[in-house]
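As structure tokens, here come the structures.
Same chain, two partners: chain A is paired with chain B first, then with chain C.
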Partner chain A sequence: MKLIREIWQSIVRRDPLSTDKGKSELVFLNVWLHIHPAKVKKENLRFKHSFYLGFITFFLFIILVTTGIALMCYYRPYPPQAYQDMKDLQFAVFMGPFLRNMHRWAAHGMVVCVFLHMCRVFYTGSYKKPRQFNWVVGVLLLLLTLGLSFTGYLLPWDQLAYWAITVGTNIGSYAPLIGGQLRELLLGGHSVGEAALLRFYVLHVAVLPSLVILLTIVHFWRVRKDGGLSRPVWKLKPQKQEALVTIGAPAEAVPLHVAAASTDKTYGLMEVVTGKPIFETITPEEEEDTVFSYPYAFVREAVVLMGTVTTIMMMSLFMNAPLEEMANPAVTPNPAKAPWYFLGLQELVSHSALLGGVVAPALMVLALLAIPYFDRNPSRRPGDRKWVLWVFTLFVVANIALIIVGTFFRGPGWAWVPPWVHVVARPE
Partner chain B sequence: MERKLQQLFFALSLLALVLILVAEWQASTPSWKPYQRKFLQLEAQEEPNAVSKAAVLATPLAINQVVLPGLQRVDRCTTCHLGVEDPTMKNAPGPFHYHAGLGPHVPSKFGCTICHGGQGLATDMKDAHGNVAFWQTPLLPADYVRASCGRCHKEGDVPGVPELTEGHHLFDTEGCRGCHKLNGVGGSIGPDLTEEGANHRSPEWLERHFLAPNAVSPGSAMPNFHFTREQARALTYYMLSLTSGDMGSYYSSERLIPSPEYGRQLFVEKDCIVCHAIGGIGAKTGPDLLGVTKRHSAEWIDEQLVNPELVYPGSSMPEYDLESNARKALVAFLASATPEDAQQMLTRKGHPLTPKDAAIEAGKQDFARFGCAGCHGTELQGGLANPNAQGEQVPSLLHVSDDYTKDEVIGIIRDGRMPPLDNVKGPTPPLYMPSWKHVLSDEDINRIADFLWSKQQQKKESW
Partner chain C sequence: MNRRDFFSWGTVGVAALCSAVAVSLGAVGRFLMPSVFYGPPQSFKIGDPADFPFGSPTFLVDEKIFVFRDREKGFAVASAVCTHLGCTVAYFPSDRDFHCPCHGSVFSPTGAVLHGPAPRPLNWFEVTLTRDGQLRVDKDKTVPPTYRLMV
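And then the complex of A and B:
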């Protein structure tokens, strides 16, 4: 008994959770939990404040990594075995369809949630100083997510995969000068084939996930260092701005100054920097608004985790991931469509290859990356930033509308065919 | 609030557990298991005592599969069709009956889908029988299964499947190649037929199409050849057998059926009669072959055909590169060869062709083989409807020497030509002369011209 207790204490080296010290130590003595602060602001825990979209995205990524590793055990990345392995998953592997469905739906879910998360961050103005760089990291993570989904799309090696990737990579090749070579580098040839499948596999299971993990670490780290979630607009006290000291990047025009003795909370770096090192200083009244992360934050995260997992499991039980005929370069489906999240792009390309396929998406990505540096208006109140809100809303609506048009309103020959009209394919 | 959240967390965790259990239950009750249990019960009935009955019933259930790398497929059909190789299951119900009349085509070596179609990898009935979206080769209707013999047996007659021979013959003589490519040879007006057997077209569709092309695919350029029902069936069989899929070395050696007829054909082709005699009729360089199968074993003759010098050092017989089934066919022919056969072969050889006749003969064969006859007619009479072309039809070639020089005709064959329009503003005629320069050698084209001119000659003489 004594030994057991000793072993337990060697693992869990904190005070009992009934004490405040124990609650704090649970967070900062634990390597996995210490990304959290020991105490969090109450309003940040509200579901309506963030919809927990970042968490959902992260949990979907965890589901994807787990199911992905399991799928790797059954998958050979060369044709035609790749397709046969899909059929094995469908018909012979124990719980194979469930596994593949989970991976598929979690992947689509991640694309959706990353986008929604970006929208939420924009509408709450949370990319503003000092969080500019984290917005940039977030946009890069969005691009990586699209890349992961796109590379994964080819792996089943069916007609859907083959032609979606053919169309997708063709869009890329419209870029002047480097487009063609870029496509060749990605495909390992002039068309989608064995080499392309292997390259997409390597990108999908090794390169892109590693990059996502690295950038996610940076993303989380910056969330903590930039002061957690941005505070609701109604709690903002703009005049406090000047009193801030930025660690690592001193606030411009405001020299480091010695703060008067204060009852404010400070932590860390006491010997190096004087002043209040956290950007949004906490007054005693605000101190009252905080609660310990344990259990308040953790229970909410756990609920969101289980909510995400059960939703994906439910979808996987009732909806099967598509699998068409084996890839056949000789038979082109009409229309051949890119993955749904690129259908907006494909719609643009159908009007102008250069403008729609290269200029518009490049400008879109550049604009997204540059938002925090161009939008210099420090205010996060919606009333003060009507103009940017309208522009961003237009961007979101246009994107969604283009994707809907590309998905549901385009038939053979990319002609306008509403979904309620049934087109009978003419045999050649 | 906090309490409720905790309760929600536990509820969701419980739900996750339930969902996993449901998924596991779903995975462990596949639709093939009841079939196997039923089969085991059927087998247990035959057992004499309770102990052996229990032993049969306790056989673990498992997916059975035949892995056929040579045919590039894995067939799991025997997961449910458990009795196909068991003659005692002749009268068994449902999916368990014995498959009679397979001959050497045992499922363990050939699987099932190579003949029947369907989705070999699938393990539930609907998917396995292939009548599902995104599977191109559903089970062939029983009437057409024999067409699959032609997928491996591409040459010679297939016993019991006269339709294939007939279809092949029609394809060669009716000039289908004029419009359709097969294995790289043929015109490009109609679709390439090299993979027609691997396409997802239903046999019924093909058959109706042969009877009335325009009724099935409106606007098709394919003329109605007024085939009979039997001919349409034969052509359908032949179409279903067309695939360039690699059957692997094991199966390709099975392509030729070792029939005496095929052996006789080889005997003529290889000119054996030039050295050998049968019952005294023929040459005397080699031994007389009458009754050779009684003097020597089949293995001995086989060895002799593979490597004559090894059997008879110093033998002057050349080594013929013959497939094992071709050698078997020769042996089969020799077993029944008579002096009359030898006599027939010798009389056929009686008239050696002059070089000019040979060229015309070759031209005639090219004309038929590359499908010129498809549009211009087997007697050069032309006359196939071709709307809005001059004369509304494909021109006859009977008077070609009146309108063109030989070089002009050679040019038209080589480069192809759009027919002159009847009405310049009208639609493009569906049929046109394709360019043959990538298919035919100049020599072939010259021979075809020679053949055409020989026909003009005959005509003038008959005048």
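And then the complex of A and C:
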């Protein structure tokens, strides 16, 4: 018994969790947990504050990595074996369809949640000083998420995959000057073929996930270093707000309060590093608004994790990921549609390939990246930023509307066909 | 070594390092650019002229071409690859148009764009007769839609 206790102590090396010291040590003596602060602000834990969308996105990514590794054991990135392996996964491998479904639905979910997370961050004005750069990291993560979805889409090597990628990569070739070469580089050839499948596979299982992991680390580190989640300052009591005008608007002249070091700490870094902290700090009277991360934050995160996993599992039990006929370069299905999150783009492309496929998306990405540097209004109060909110809402609505049009209102030959009209294919 | 030497050598060193990095990046880029293509060849034989019927064009699946044969005018070969984003167009004998299933481009019998987002007409490829009497198509050589090979 004594030995067991000794071994356990050698692993955790902290005081019992019943003590405040133990609760803090749990966090900062643990390499995985210490990305959290030992204590967090109460209001940041509320579900309504962030909807935990960033966490959900991250947990979906974890599901994708684990199920993805499982799928890799059965998948050869070479036509036509790739397609046969998908068929095997679908019909022969034990739990194959379930794992494939989980991978597919988590991927769709990640695209949805990363977008919603971005909207949450925008509407709460959380990209403002000092969080500008983390927004940029976020936009890169959004692009990587889309890149992962796009490269993954080709791997089943069915008709859906083949034509979505043919159309998608041809959009790239409209980019001025380098377009053609870019496409050749991506495809490893002139058209979607075995070289393209291999390259997409490498991107999908090695390059892009590594980049996502790297940037996620930076993203989380910055959330912490920027002072945790931003808070709705305007909801604080007036006298507190007075003391905290710095939050959300650390104007140069306003002094920032440095956190009082807790009594059992022997030193604080703030005593070593001189100069004003760039992030929001906690005033002594605010201390009472904080709670220990253990158990309050960890339990909530665990609940969100379990909720995410359960949802994806339930979806995977009842809905099957599609698998069409094997890729056939000669026959284009009619209509040939890109994955749903690119249908807005495809709708634009159906009007003009250069404007809709290259110029518009490039401008959109640049605009997203530039937001924190152009919107210099320091206030996060919705009333103070009316027109910015309108513009962003317009952007969101336009994106969703285009996707809905592309998904439900486009029939054979990309003709306008509302979903309630049934079309019979024209005989050749 | 004096201060000035240190800085001039330092500059040379940094410049050398930067060029080494640039060269390496260029080499990586070149490595990724395919040198050998395993796709179908651009120039190929499609068979005996007598194999092709008059009237409606013959669609060759792997080559993605339509072979037209006309009693008076002879042979012509049109590309089946939509000039918009590369989907394979279908030919409708009823109105003699090409229709692209992806974004709805429609091409006239001569390949001109009638409708839709396609920026250019369909390509027509050179078709010649080889010495052993076979038809040969060269996708690297585009020709005007009026081009015909009489056999």
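List of remarks:
Note that the second predicted complex is superposed on the first by the 386 of 428 C-alpha atoms of A that agree within 3 Å, B and C clash if a C-alpha of one lies under 4 Å from a C-alpha of the other, contacts with A are read in each partner's own complex, and residues count from 1 in each chain.
We adopt the following convention: a residue touches a chain if its C-beta (ideal position, glycine included) is under 8 Å from a C-beta of that chain, and two chains touch if they have at least 3 such contacts.
The structure displayed is predicted, hence computed values, not measured ones.
Annotation: superposed three-chain arrangement on chain A; chain B versus chain C shows a clash. Contacts of A:Lys87 after superposition on the shared chain: chain B is touched, whereas chain C is not. In the superposition on chain A, A:Leu323 makes contact with chain B only, while chain C stays out of contact range. Contacts of A:Arg381 after superposition: neither chain B nor chain C is touched. Legend: residue contacts after superposition of the two complexes on their common chain; A:Arg76 is shown touching neither chain B nor chain C.
Of 186-194, 330-338 or 384-392, the segment of chain B running into chain C after the two structures are fitted on chain A is 186-194.
On chain A, the surface touched by chain B in one complex and the surface touched by chain C in the other have residues 330, 426, 428 in common.
Against chain B, in their complex, chain A makes its touches with residues 80, 84, 87-88, 90-92, 94-98, 158-159, 295-296, 299-300, 302-303, 306-307, 309-310, 313-314, 316-317, 323-325, 330, 426-428. Here chain B touches chain A in the complex through residues 2, 5-6, 8-9, 12-13, 15-16, 19-20, 22-24, 26-28, 63, 72, 74, 76, 119, 121-124, 127, 133-136, 191, 195, 201, 217, going by the rule given at the top. Of all the residues in chain C, the ones that touch chain A in their complex are 29, 32-34, 37-39, 59, 61-62, 64, 84-93, 99-104, 116-117, 119.
Looking at the complex, you find that chain A touches chain C at residues 163, 166-167, 170-171, 181, 184-185, 188-191, 193-195, 329-336, 346, 349-354, 357, 412-415, 426, 428.
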